[in-house]
Amino acid sequence: MLIQFYNVSKIYPNGVKALNDVSLKIDRGEFVFLMGPSGAGKSTLIKMLFREEIPTRGQIFIASRSIVRMKRKEIPALRRSMGIIFQDFKLLENKTVYENIAFAMEVIGAKPSDIKYRVPELIKMVGLKGKERCFPGELSGGEQQRVGIARALANQPLVLIADEPTGNLDVGTSNEIMELLYDINRKGTTVIMATHARELVRHARKRVIMLEKGRVAGDYPDGEFLA
Amino acid sequence: MILRNFNYFSREAFRSLSRNRLLTLATISTVCICMLILGIAVLITVNASNFMQHLESDVEIVAFIDKSVMPSQVQLIGKEISTIQGVKRVKFVSKEEGLEQLQEKMGNKNLKETIGENPLPDTYEVQAENPHDVPEIARTIEKIDGIYKVKYGQGVVERLFEVTKWVRIVSITVIVLLAFGAVFLVATTIRLAIFSRRKEIYLMKLIGATDWFIRWPFFIEGLVLGTFGALVAVGILALAYNSLINNMQMVFFLPLVVKSEVINRLYLSLVGIGALLGIVGTFISVNRFLKV
Amino acid sequence: MILRNFNYFSREAFRSLSRNRLLTLATISTVCICMLILGIAVLITVNASNFMQHLESDVEIVAFIDKSVMPSQVQLIGKEISTIQGVKRVKFVSKEEGLEQLQEKMGNKNLKETIGENPLPDTYEVQAENPHDVPEIARTIEKIDGIYKVKYGQGVVERLFEVTKWVRIVSITVIVLLAFGAVFLVATTIRLAIFSRRKEIYLMKLIGATDWFIRWPFFIEGLVLGTFGALVAVGILALAYNSLINNMQMVFFLPLVVKSEVINRLYLSLVGIGALLGIVGTFISVNRFLKV
Amino acid sequence: MLIQFYNVSKIYPNGVKALNDVSLKIDRGEFVFLMGPSGAGKSTLIKMLFREEIPTRGQIFIASRSIVRMKRKEIPALRRSMGIIFQDFKLLENKTVYENIAFAMEVIGAKPSDIKYRVPELIKMVGLKGKERCFPGELSGGEQQRVGIARALANQPLVLIADEPTGNLDVGTSNEIMELLYDINRKGTTVIMATHARELVRHARKRVIMLEKGRVAGDYPDGEFLA
């Protein structure tokens, strides 16, 4: 799915200008890192992709459909075409690891047999075997993060949005997770990932968009980001 | 597909009921207490109104027959009275019986002897189908030839009707207020329960769940909680009322209402209200948090 | 130091009241509705019991004096009756007055003429201080020489007392039950409100706050919410009851209870209960989440 | 304050063995990094320091007082001698940035005048000037994390415990925060910091304790950790 931002600005109700005239285009199947200092507007930009926030000014198109003018009823379909890894995990506290991941599939109406097959596979992929029956409160920070990752990958989404997905992970686990993301990207999923992990970005040699104070401060094509 | 969803929704609902134990307990007990209060109020009202009917049906009209009227004519008057619309029963009390009643009341054993001639008139005691028609019927009787006076406790009866009217107004007002109160209390509890799960709802929406997908399990929860709470209330009410009936018959001179249609309809209504409250309360509260 | 803390605690409390608007509203309205229900129940009871006192105080004893008793002795008997413990008022009704009353009742204008001699006895009408002493007083009067019979509506009076006794029992039971219900409902709401802030409490403890440091603002909140909710209820109650008093005096023959001591004591109690519920409910609920 | 662990094991109620026979000693004024893969037990170890969790077996002494046998009433004093940066921030959602930081000082009974002076200073130190009146929900992930850091530093604690304090921060901000920690450490505060940021640990040349599957897998004195 093609993602287009045209002169997008976001001013939060309290007056904070989080994004300032951002224009950018992300092609189908791209892998894009979103970087920038804390408070630069990465999460804000990401939240607009799945319409958690609406631009104050400007237009956003996803697969040529305007997100700003989208009707309330169309929003669930938009979100279901995406996999989202949240910066603060956003796990359902009353559901176990298994149920949290299964929920994402239930939402799109997946068959129970598919769920039964897919969820354990995902749990194994993110290295949480044995934790299926744990509640999020019984997991370590990194384990919670990986549940969020597994959930986002569950439906093999067209677009994967990852907000700081490795912030609580050690280098080893982090690399494994990145492999999963590259893998899903190779299969055609567009991946947009906000991160602070320079090392990781440098090795990835993918496109990097730099945000600073709400503006695009740099857009480096594959392999050109070396900072 | 629909069946699958139904299975999924109820599984979700029951899982959440058992995991949010505090919320479950709070909602059930609130519904239960509200339905108990409502039920007790209705039972009291039903019994009070039953009691008042007894009081009212005691009201009767006494028609005094002129001394000059022939005995044959007296019978005709009786017939005429009994054809009046709304008259239930007509009883002839001869002047002799009247004197005996008076003597009985005075406790004067030789009243009959002391007075020469019996000064009392023959009377008809008339009962109305509906006590409230008594004044109207009395006026009709009064117009009959040969009747020189009609008594039905004028003044007292109006007072009685005034009282029963007010008791009814007050009971209905109280029950309506209580019903509103119950609705509000249950709705508040449900709203608080759902408020403490607002992040869950928010998150579900972010993942792409449709409004109905989120609502259904909540509805089923609301239905279960409301119904169950009301059932507990009805159970307590039925136990208490039955034991009251069993013990009261000896103590209390006036029987409690036991007509099972009335009581059962009350119990059914309470369960119905509980269930409805559970669903509607949930609906309104969930909607508040669905706007994401 | 203590003053500083008090300032801090109340600032915290009011800040939290205004920021947790849903919880604030929910608690206030629950307290308000519960106190309203309780208040209405008490008002109804007070008025019912007032009404029953009226009914009961209508009960009087009629003592029939033997015909053979001399007029001078009749007066002595009257004196004797009035010395009986619990007698409030004694009224002599001569046989002539009695006849007139009977004639009035019969509607027979020439009753006096038709009967030669007046067959009725002289009577004393006796009122008791406390209607419940009537049977006892009647028995005492019966033993007096020259009294051949005593009537006080035996049977009916016992029925009346039975009814009033039951009305009282039912009202007290209902009020006690309602009070328990109110306590429970308010406690549940507070518990839910604090449940949704359990993480806040947990976190405060992790930072090193003592139990009392956490409790105080919650207490003040509970106090404010309980008191305010009850005040609103009392306000509504007072308005409604006063307008009822003003409009009813014309319609209703029996005055509503307006003794301001009774009503004011009720209002004060309601506010007190509200405040207490707010504090105690908070205390119990907060404690549950302090064990960290 | 001297911190001693003697054969500490922790088995959570669900049967997970998070720590297994851990013994270690941290001297007054030390700066210690706690490293290890996700789920190794770092947070568990840290939670025991301020008695959020109690060991299943073994003993912990802080300033020679047993934490295990400590009475309920003594816990607040223990916690108040510490500054804690939580992995999941744990900010009070109903309080603004200013109030969140002030709260930590109010808890220890600081004078209002001290609070008025100190809080803005702290806010400036962590780079959140202008965000005083924001609620945590109005902050970016990294900003929230910095509020948590400011709060932990507020009372100049004897022991500073930091669980992944830079997970949501960019390299620049991260380095500034580390400077703050080094600084407070130089003034005598013991600092214990769990982190996944290898780069950062390598540069710091401080003591590193490696945890793996709940066991101490390595204890490298200052400057000897080079992995």
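Residue numbering begins at 1 within each chain, and the chains themselves are lettered A, B, C and D in the order written.
Criterion: a contact is a pair of C-beta atoms (placed from the backbone, for glycine too) under 8 Å apart; a residue touches a chain by one contact, two chains touch by 3 or more.
This is a predicted model, so every value here is computed, not measured.
Participant: Determine the shortest chain-contact distance, in steps, between chain A and chain C.
Facilitator: The distance in steps between these two chains is 2.
Participant: Any idea how many Å lie between the Cα centroids of chain A and chain B?
Facilitator: Their C-alpha centroids are separated by 62 Å.
Participant: Using the average of all C-alpha atoms in each chain as its centre, how far is it in Å between chain B and chain C?
Facilitator: That pair's centroid distance is 22 Å.
Participant: Could you put a whole-Å number on the gap between the CA centroids of chain B and chain D?
Facilitator: Centre separation, chain B to chain D: 66 Å.
Participant: Edges wherever two chains touch, nodes for the chains themselves; is that graph a line, a ring, a star, complete, or other here?
Facilitator: Shape of the chain contacts: a ring, since each chain touches exactly two and the loop closes.
Participant: What are all the touching pairs of chains?
Facilitator: Every touching chain pair, ordered by label, is A-B, A-D, B-C, C-D.
Participant: Taking the touch rule as given, give the residues of chain A at its contact with chain B in the complex, in rising order.
Facilitator: 50, 52, 76-80, 82, 84, 86, 90, 92-94, 103-104, 106-108, 112, 151
Participant: Please output the residues of chain B touching chain C within their complex, sorted ascending.
Facilitator: Residue list for chain B touching chain C: 22-23, 26, 29-30, 33-34, 36-37, 40, 44, 51, 64, 102, 105-108, 111, 114-117, 119-121, 148-149, 151, 159, 162-163, 166, 170, 174, 177-178, 181, 184-185, 188-189, 191-193, 195-196, 252-254.
Participant: Within the complex, which stretch of chain B touches chain A?
Facilitator: 4, 8, 16, 19-20, 200, 203-210, 213, 292
Participant: In their shared complex, at which residues does chain A touch chain D?
Facilitator: 12, 14, 16, 35-39, 42-44, 87-88, 133-134, 138, 140-143, 145-146, 163-164, 167-174, 196, 198-199
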